[in-house]
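Down below are the structures I want you to see.
The following pair of complexes shares a single chain, subunit A, combined with subunit B in the former and subunit C in the latter.
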Partner chain A sequence: MFKSLFIYEFEKFWFKKINVVCFIAILIVNFLALKFALQSNKTAEMTDIVFSSSLNFHITSLQEMLITAFNAIVITFCILSFHEEYRKGYLRMTFTRGISISKLYIAKSLVMCLNIFLIILIHCIVSLLFALIFLPKANVSPLFFKEGLYSVIDVILFSIKYYILAYLSLLTFGSIIEFLSIKCKSIAGVLGLSLGFVFLNIVYIAYVPIVFKNYADSDPIVLNYSSISTMFIQAKGAAYFAAEITDVFLYSMIIIFLIFKSLSYLAFTNKHYLE
Partner chain B sequence: MKSIIEVQNVSKTLNKRKVIQNMTFNIMKGDICGFIGPNGAGKTTLMKMATGLIKPNDGEILINGIDVQKDREKALSGVGAIIEVPVFFEYISGRKNLRNLARLNSGMDRKEQLNKVEEVLELVGLKDRGNDLVKNYSLGMKQRLGIAQSLLNNPSIVILDEPSNGLDPVGMKDLRELILSLAKKFEITFFISSHLLDELQKICNKYIFIKEGCIKWVGDADSLLMDKEKDLEEIFLDLMA
Partner chain C sequence: MLRIIKSEFGRMFYKKSTKIIYAITILFPILIFYFFQQRWGNDYYTVDGVQYSLNNLNYPVTQMLEFNALFIFIILPLFFSESLSSEIDSGGYKMILLRPFKKWKLLIGKWIALMLTYMSMLLFVFLINSLIGYLFMPNVEYTSYYNINENLYLFDSIFYNLKFYSIIFIVHLSILPIISLLSILFKKTFLSFFGSIALLVGGIYISVPLQNILFNTPDVAYSIIGGTYELINMLIFIFVTFLIFGVSLWMWNKRIGSIV
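The block that comes next holds the complex of A and B.
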């Protein structure tokens, strides 16, 4: 039965044209990132971290897009899959059938995780292809928060860790928006609170260095406090993690993800649906 | 005869207002039961409780002898329902909507699920229009597609909340004939709320009248309409006075 529920949810996800548009948007956003990279390369040296080559474009473009395009896509997915279905009646047909609401929630969550993974995977493939075709070929590349130039193997290892934390940060951000989507009664409410959450994160990121002005940026205390901000992790934390400076961002993302997933689960399975 | 729905001392308070007050009634197998009351009487609230969408503050609702609150999955396994309005993905076909929902039919393999979709499309008279996008359907067709959705899991009872709302006379006649044929052919019990008393009078063998969350009258159509001088509308107005 769970397999059927999963396929049922997966099909529903792809019935929504806006979700399909989000996947197509990855191509466009990658193209814009490529345009920006070609522009930046004119004034940068190959040893500069801002220089995009065939070896590092999939990392630099992801870093640029994570906070903006990817978060926007996650907000869209959550609004359509949770808010719209929960509040506008699409789930009524499912809820009035003899199926487990807990299993339905798990199926929805897995479909969401799978589609965010596909978004990241498509981004990786497209950016690698764009880089191979349009950017200078390189055998070594600089990496975020690391001195010197690194070989292909080093870049691959860095990329895997970077992508894992980027994926986890999107899941965590998604779990927060999912909770808001279930609790808010209108789309305006979800959007307003989501943007409010992003704004608060940005204020927090700006506030931490002021409070800890006597500490270095990479001091463990500063990083620990910064680790509760998903935006900070998307901007810098994933690179700190990939550069093996600290693992605190991995743990904080897992904890925040589990907290908001549990809250969403309780809200979703509340027996007062539609009250 | 066997009770299909048993509502026992059910009460519900919403926003500090008592919407349902100590309501008790039974619906027997094969009944087509009209659930009648003015706006705000609590009809939709009771139907939402019967389909597990909200829970009562007191009392219990049993479907085929199983408490909806205690064993929701089992109790609702034989229920088809349209609460408020049928909801679809408008920009895909009616057939695709049904094929997607049919995935929830446990105990059927995919081939059986697809056969079931064709069977219900045939039953509601939408087989030829099954590949049209739902957004191009008339209100009557959407209502019939909603009934097709509710029939997908071979229900023993179908709960319809205001199914005739917005339908033109032809749509209402089609719906009426569909309900009567399903009740006759498959012995499906229907529990229908509506404001359209003429329509109910043509199909129901049992009525439940409610006002402000309380039952005003429950019984067979024959005993209610014994006085040939009065039609259902006049009886309704007398009861609500």
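The block that comes next holds the complex of A and C.
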């Protein structure tokens, strides 16, 4: 029963053209990142962190696009699969059959996790391909927040850690938007609140260094306070985690993810919806 | 035509989102003042590497960088797409199309209502910034601006500020035809919203003059009034804006009946 529910949700996801467009948009996103990389390569040296080579383009492009394009894609997914179906009442049709509302929520969440994973995976593959074709080849590369140059194996380890936290941060952001999507009555409300959330995050990030004026940027206390902000993790935290400076971002993301997932679960499985 | 505009106004002010955006336009300058002046103690602004000290006369034009980014990339796309495409998406616009008016007149009425509303918002921002300037900034009799040799007294300075705000207004209005076009093409509110943002961000990546106009609008405004800006970029920008206005009007007239 659960398996067929999962497949039904998965098919429904791919049946919507906009979701497919989001996947195609990854190509455009990579193209823009490539253009930007080629531009900044002109003024940078091979040993600079801003220099994009075949070895680190998949990291620099993700770092650049995580806050903007990927968050927009996650918002789109959440609006389509939670707000539209839940608020416009399409889901009522599903419940005319004997389907458990909590199982449906779990299936939906799993499909969402799977598709965000696919987005990240496709980005990785496309950026690696683009880098191989268009960018200068390199055997060693500098990494974020690490001194010196690193070989291929180090870069792979760094990338895996970076991608894991990037994925987790997208899931967390998704869980927050999911909660807003279920609670808000109009799409404009969901959009406004989610962008307001992003904006508040940015204000918070700007505010933390001012409060801790006397501390260094990578001081554990500053990082602990910054770890509350999803945007900080997408901008810098993932690199801090991958450079093995601190693990606090991993824990904070898991905690925020669990909190908002349970809140959305409670909101989604509200019995009033069925009446 | 007047009645169409009045009806648009009525519907617009009935919505909660319009009221929230008004609240943001009023609160945002106060927040900027609180953070930048009270907490961080900025008492100068920089144009093209030259520092100018803040005073009551130039304060309204110097605090627009953050406002510009917030409005051009978030608030205006949301405000315009909420007004243009949410009615189409929900089907409520059918009721309006049923009345015996020309379709293009309805769209132009909407545009005029939106423009006037946004103009009033910018005016609010100007008034609040002026008020903050007079209350909390050092009071001076005259001030100097970027690339203007003589000192400007009160009336000239206000005139300068108004010119500055009109340039910002013209740049911001370019969002309106993009949203109109996208709401005809896609129908869904969030698609026209994200589509317009994607177009703006894509434009920023592709063209440097466009990046300056959209992102560094205050700097562009300083240099236009100061006479150092290559006006051809701005003229092309305005021409393209008008072109998109025309295309969206044409498409609206042709397709709106079959879409709603």
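We adopt the following convention: the second predicted complex is superposed on the first by the 273 of 275 C-alpha atoms of A that agree within 3 Å, B and C clash if a C-alpha of one lies under 4 Å from a C-alpha of the other, contacts with A are read in each partner's own complex, and residues count from 1 in each chain.
To be clear about the criterion, a contact is a pair of C-beta atoms (placed from the backbone, for glycine too) under 8 Å apart; a residue touches a chain by one contact, two chains touch by 3 or more.
Predicted model, so just to flag it, every value in this text is computed and none were measured.
Visitor: In the superposed model built on subunit A, check whether subunit B and subunit C fit or clash.
Guide: fit
Visitor: Classify the contacts of A:L32 with the two partner chains as first (subunit B alone), second (subunit C alone), both, or neither.
Guide: Second partner only, subunit C.
Visitor: Go through the superposed model and pick first if A:L191 touches only subunit B, second if only subunit C, both, or neither.
Guide: In the superposition, A:L191 contacts subunit C only.
Visitor: Looking at the overlay, what does A:T68 touch: subunit B (first), subunit C (second), both, or neither?
Guide: In the superposition, A:T68 contacts subunit C only.
Visitor: Classify the contacts of A:T94 with the two partner chains as first (subunit B alone), second (subunit C alone), both, or neither.
Guide: So A:T94 only meets subunit B here.
Visitor: In the superposed arrangement, does subunit B or subunit C reach more residues of subunit A?
Guide: B
Visitor: So, does A:K137 touch the first partner subunit B, the second partner subunit C, both, or neither?
Guide: Once the two structures are laid over each other on A, A:K137 reaches no partner at all.
Visitor: Counting only touches as set out at the top, which of subunit B and subunit C does A:K213 meet: first, second, both, neither?
Guide: neither
Visitor: Using only C-alpha atoms, work out how near subunit B sits to subunit C after the chain A superposition, in angstrom.
Guide: Least C-alpha distance: 11 Å.
Visitor: Jot down the residues of subunit A that show up as touching in both complexes, subunit B in one and subunit C in the other.
Guide: Common to the two interfaces on subunit A: nothing.
Visitor: List the residues on subunit A that touch subunit C in their complex, please.
Guide: Within the complex, subunit A contacts subunit C at residues 18, 25, 28, 32, 35-36, 68, 72, 75-76, 79, 186-192, 195, 199, 210.
Visitor: Inside the complex, what are the residues of subunit C that reach subunit A?
Guide: Of all residues in subunit C, those touching subunit A are 17, 20, 39-40, 70, 74, 78, 81-82, 86, 89, 188-191, 193-194, 197-198, 201-202, 205-206.
Visitor: How about subunit B: which of its residues touch subunit A in the complex?
Guide: Residues of subunit B touching subunit A: 14, 48, 51-55, 69, 72-79, 81, 83-87, 89, 91-92, 96, 100-101, 103-104, 106, 149, 153.
Visitor: Can you list the subunit A residues touching subunit B in their complex?
Guide: It comes out as residues 1, 4-5, 7-8, 11-12, 15-17, 88-90, 92-101, 271-275.
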